[in-house]
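You will see chain A twice below: alongside chain B first, and alongside chain C after that.
Up next, the complex of A and B:
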């Protein structure tokens, strides 16, 4: 019984680590730009296809593959932001954040269907052999999933270092804290907005490529996960990067452990319950304030 | 959108646009109404009574989630009509098919069927594919005494009080489940586990296959999961805890591919059997060979060795054709032959219903697979037994087809290899 429980927790952590990267991206963009950019889902898929092209077609090494999966959705994200979202942002009003979120959903559909047009609806697998699970203390885990977990953790650590050690990182946190004050100190929020979008979408892209290595790529690879990503981000407080990682791990573990008592058909329910719980009990999220809240 | 009747209204619309610039709104409206009624009545006025074409409705998914066979279904229906008309039609009257898109959506399907029945006065409706669509339109058909030919699987469809107006040319869910269970037993399995997403059939599959295993002294269990998930590790763990020697995969392609990967990772060495909508060439192309190797699949099959099938794929310029498009072809042919057989003065649904069995399953009739030959036999007042590209088309009392074929396939080195057709 204990082994079974531990196995579910482990499965949840592996899944949570995959969700953590796009949730980080969503949170980062929200912190700096002030709206939920739902097109992270499609950008995950863009990253997955970029990695697939680099790996299965061009035969690049896995480091280069992940880098490509970061750069392509990052740049596409900035371009899409400049083209579709920036014009709406300029006409600032009471409903701007809502309008931006709605337009980002449309953007998500547009990118997803562009991918469908380019690559078709079929599944594509990476040219990486599927390995049998390892058995450790009675628990089984796949080597690829361990690598995914480690990659996600490394990226989260690198991100933390970027935000606490570099000038750009600190400036970004300053904008997230208080845009007007940051501007007074000579920080140009627009450049930072581009950088936040670039990093945020890049993270989503890497998350998507790790997910795709684990499963396969098709045009809706990312959209299937948007609910859990969004709830992970909300659970973490929408502005806290640590909160996003924590939220993702909690959602991942909750979903898997819930299957002990609940029919697997209702698994998404745990994500809804998490959002409901947070809205009712602690609307600010679990870790708000750790990074500062956007005013 | 009705294929056959698009030409004139679109011209009318074009003319109307030109007229609009020159006249005021009221005169434009009057003019458009006049043009519309002209378009509607002109052919009838021109043709003598009884020589206007007999209309057959075809309701198929051309768009939406179930549209994968829509295009070939539409092409098959058109080929059926051109074959029939080339052979002189029904007693000198031409046949016309009106193809409507159900948009993979029951609500859109109901609107389309209302139009086919009330406006076009079709004698039969063929093609209907998704079970949800067919369940929605079946009452409209049998209440208006219009024959419905369907390729849907849900058992409930022929349990409606349809008074013989519904004919099903595809195997039922029960039959598909039974065949999969029997095949698993044939392979020597004793313990079965079913893994599939929430669909209207999932629980029926579990019940049917589990019962077969129990009756054979074995054991069967199942788990219904949520589809569109990134990982099925925990579900697979739960399945493997029962130590199954066969896993039945009830999912569609995206989730089945993840389940197969997770089964492989967990080191599952037993047998894997799926359905054609989950285990097919698309799946095999998307998975590493070692993961998909040996997974079997049951596919409702067209009558692939028959002359009718070979003739049809020849006419369509294809190397193979799905069973559903073959069924749509047969829906048009069955309607036509039934009307020709009955030789009624005014063709309608009841005439079709009463004559279908006479032309498709008369044991004394001459076997024909060609519609022109069938029409000739009827003209010569000789009995016939039509076998189409989709199968021998013998119907049970409730309208379900009997004697359907399945293709038993297996993934071998990334390709679907045919094991047998039975």
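Up next, the complex of A and C:
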């Protein structure tokens, strides 16, 4: 009984680590830009295709493959942001954030369909040999999942270093914590926008590629997980980077543990119910900066 | 060809109902509902199932709209503490969640096979005239809804809704019950989504979860934005425009050689998505623009949202 439960928790942590990367990306973009960018889902798929092209098609090493899965969605994300969203951001008004959310959904649809146009709707898988699951203390875990977990952790550590050691990283954290105060200190959030989008979409891309290695690539790889990712990000308060990771792990574990009682098809619904429940108790999410939610 | 045009014309009426619902909740009250497709599905399944078990079709339609409205009001009450962008995510989640239920509760919804053989009103009696009848019926409903909404939105109630949209705090200070107004607007919107769903189910006689995907939400948002997001007439006009783009691109795609069916479909959706982005950029106030209907206090969103375009178009 206990082992079974622990197995679910372990699976949840593995899944949560994967979700954490796109959720971090979404949170980073929201923190700096102030709107929910739904095109994160399509950029995950872009990352997945980039990794598939690099890894399965061109046969690059896994480090290069991940780098490619970071750069392509990152650059595409910045380009799409400049082209589609920036002109709307300039018309500042009461509903700009909502308008941007709607437009980013359209953007998501556009990117997804561009991928479908280029690659078709078929499932593509990475040619990875089937490996036996590792057994540790009665728990079983796939080697690939373990590698994904380690990759996600390494990236999270690198990101933490970036945010606590570099000037740009500190500036972004300052904006996320308190935009007005950051502005008073001479940080212009708009100057950080491109960098935040680049890193955010890149993270989404890596998350998408890890997910694809674990399952398969098709044009809706990212969209399938959008609910879970938003749940993680909202749960963490939408502006807290640590909150995003924490939210992802909680959502991951909760989704897996809920499968004891629920059919697995409802896993993403569990995530949705979870955020609904938590938001009812604490409307700002779990972690927010000292000044509360960004206005 | 006539039957095709009639079918598309009837679909346009259904899209108009959806757009009108969005104008009430989003255009008038400022509450974004990205889960409209969920309410659409709710109305469709409700009416399809009720009539399957012998209820008259009229009852099915009313029940579809009522169930959708009730869920909408409950949803609004539940999410009352959430800010705008949280509401966007939660409504999106609602729509997706409902689709999961439709897909997986096979005993009720038939799963991915959907429900077929949904009864059509008077189909046997009318014979060849039936498509004309349904077309007229759907547009009569649209006209009725437009008339009722014009009355409602022109009344003090409508002004209060716009006050909530422009500045919630000021509306509250002025003694308006903001939560109640929001729930009413959200409920009216949801009722229209549900009604549209019920009409759709009996038009095609077949529904499945594939009919209720997020793309439809984009189409409706495009229709509402294109027509001017707070105008009733704009919603109807926008729906016609969106269907024209959608359907004409079907024919246009046939002239591009060497494309597979998947590529044609993706190209069309790509075009729709890009059209929405471009319209939002160039003319966010839509073709019909905003009338001088603001509640007065929060004049920021309409004029300052697109100063250059607004002045140029006057």
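One rule holds in what follows: the second predicted complex is superposed on the first by the 276 of 295 C-alpha atoms of A that agree within 3 Å, B and C clash if a C-alpha of one lies under 4 Å from a C-alpha of the other, contacts with A are read in each partner's own complex, and residues count from 1 in each chain.
Just so we're on the same page, a contact is a pair of C-beta atoms (placed from the backbone, for glycine too) under 8 Å apart; a residue touches a chain by one contact, two chains touch by 3 or more.
Since this is a predicted model, take the numbers as computed values, not measurements.
On the superposed chain A, the two partners chain B and chain C do not both fit; they clash.
Contacts of A:18 after superposition: chain B is touched, whereas chain C is not reached. After overlaying the two complexes on the shared chain, residue contacts for A:256 are found with chain B alone; chain C is out of touch. By the touch criterion stated above, A:265 is placed in contact with chain B and with chain C alike. Once chain A of one complex is fitted onto chain A of the other, the partner contacts of A:246 are absent, as it touches neither chain B nor chain C. In the superposed model, A:87 lies in contact with chain C only, and not with chain B.
In the overlay built on the shared chain, the residue A:140 is in contact with chain B alone; chain C does not reach it. Judged by the touch definition given at the top, the superposed model places A:214 against chain B, while chain C stays out of reach. Residue contacts after overlaying the shared chain place A:131 against chain B, while chain C stays out of touching range. Of the two partners chain B and chain C, more chain A residues are in touch with C. By the touch criterion defined above, A:176 lies against neither chain B nor chain C after alignment on the C-alpha atoms of chain A. With the complexes overlaid on chain A C-alpha atoms, the stretch of chain C that clashes with chain B is 203-211, out of 77-85, 167-175, 203-211 or 257-265.
Comparing the two interfaces of chain A, the one with chain B and the one with chain C have residues 263, 265-266, 268 in common. Taken in their complex, chain A has these residues touching chain B: 4, 7-8, 11, 14-15, 18, 122-125, 129-133, 140, 142, 211, 214-216, 218, 220, 224-225, 256, 259, 263-268. Interface residues of chain A, counted against chain C in their complex, comprise 35-36, 38, 84, 87-88, 91-99, 101-103, 105-107, 109-110, 113-114, 116-117, 120-121, 219, 226-227, 230-231, 234, 238, 263, 265-266, 268-269, 272-273, 275-276, 279-280, 283, 293.
Across the complex, chain B meets chain A through its residues 198, 223-226, 228-231, 233-235, 237-238, 253-254, 257-258, 261, 264-267, 282-283, 285-288, 290-291.
Of all the residues in chain C, the ones that touch chain A in their complex are 30, 32, 34, 78-79, 81-86, 88-90, 92-94, 96-97, 100-101, 103-104, 166-167, 214-215, 217-218, 221-222, 225, 260, 262-263, 265-267, 269-270, 272-274, 276-277, 280-281, 284, 298, 300-302, 304-306.
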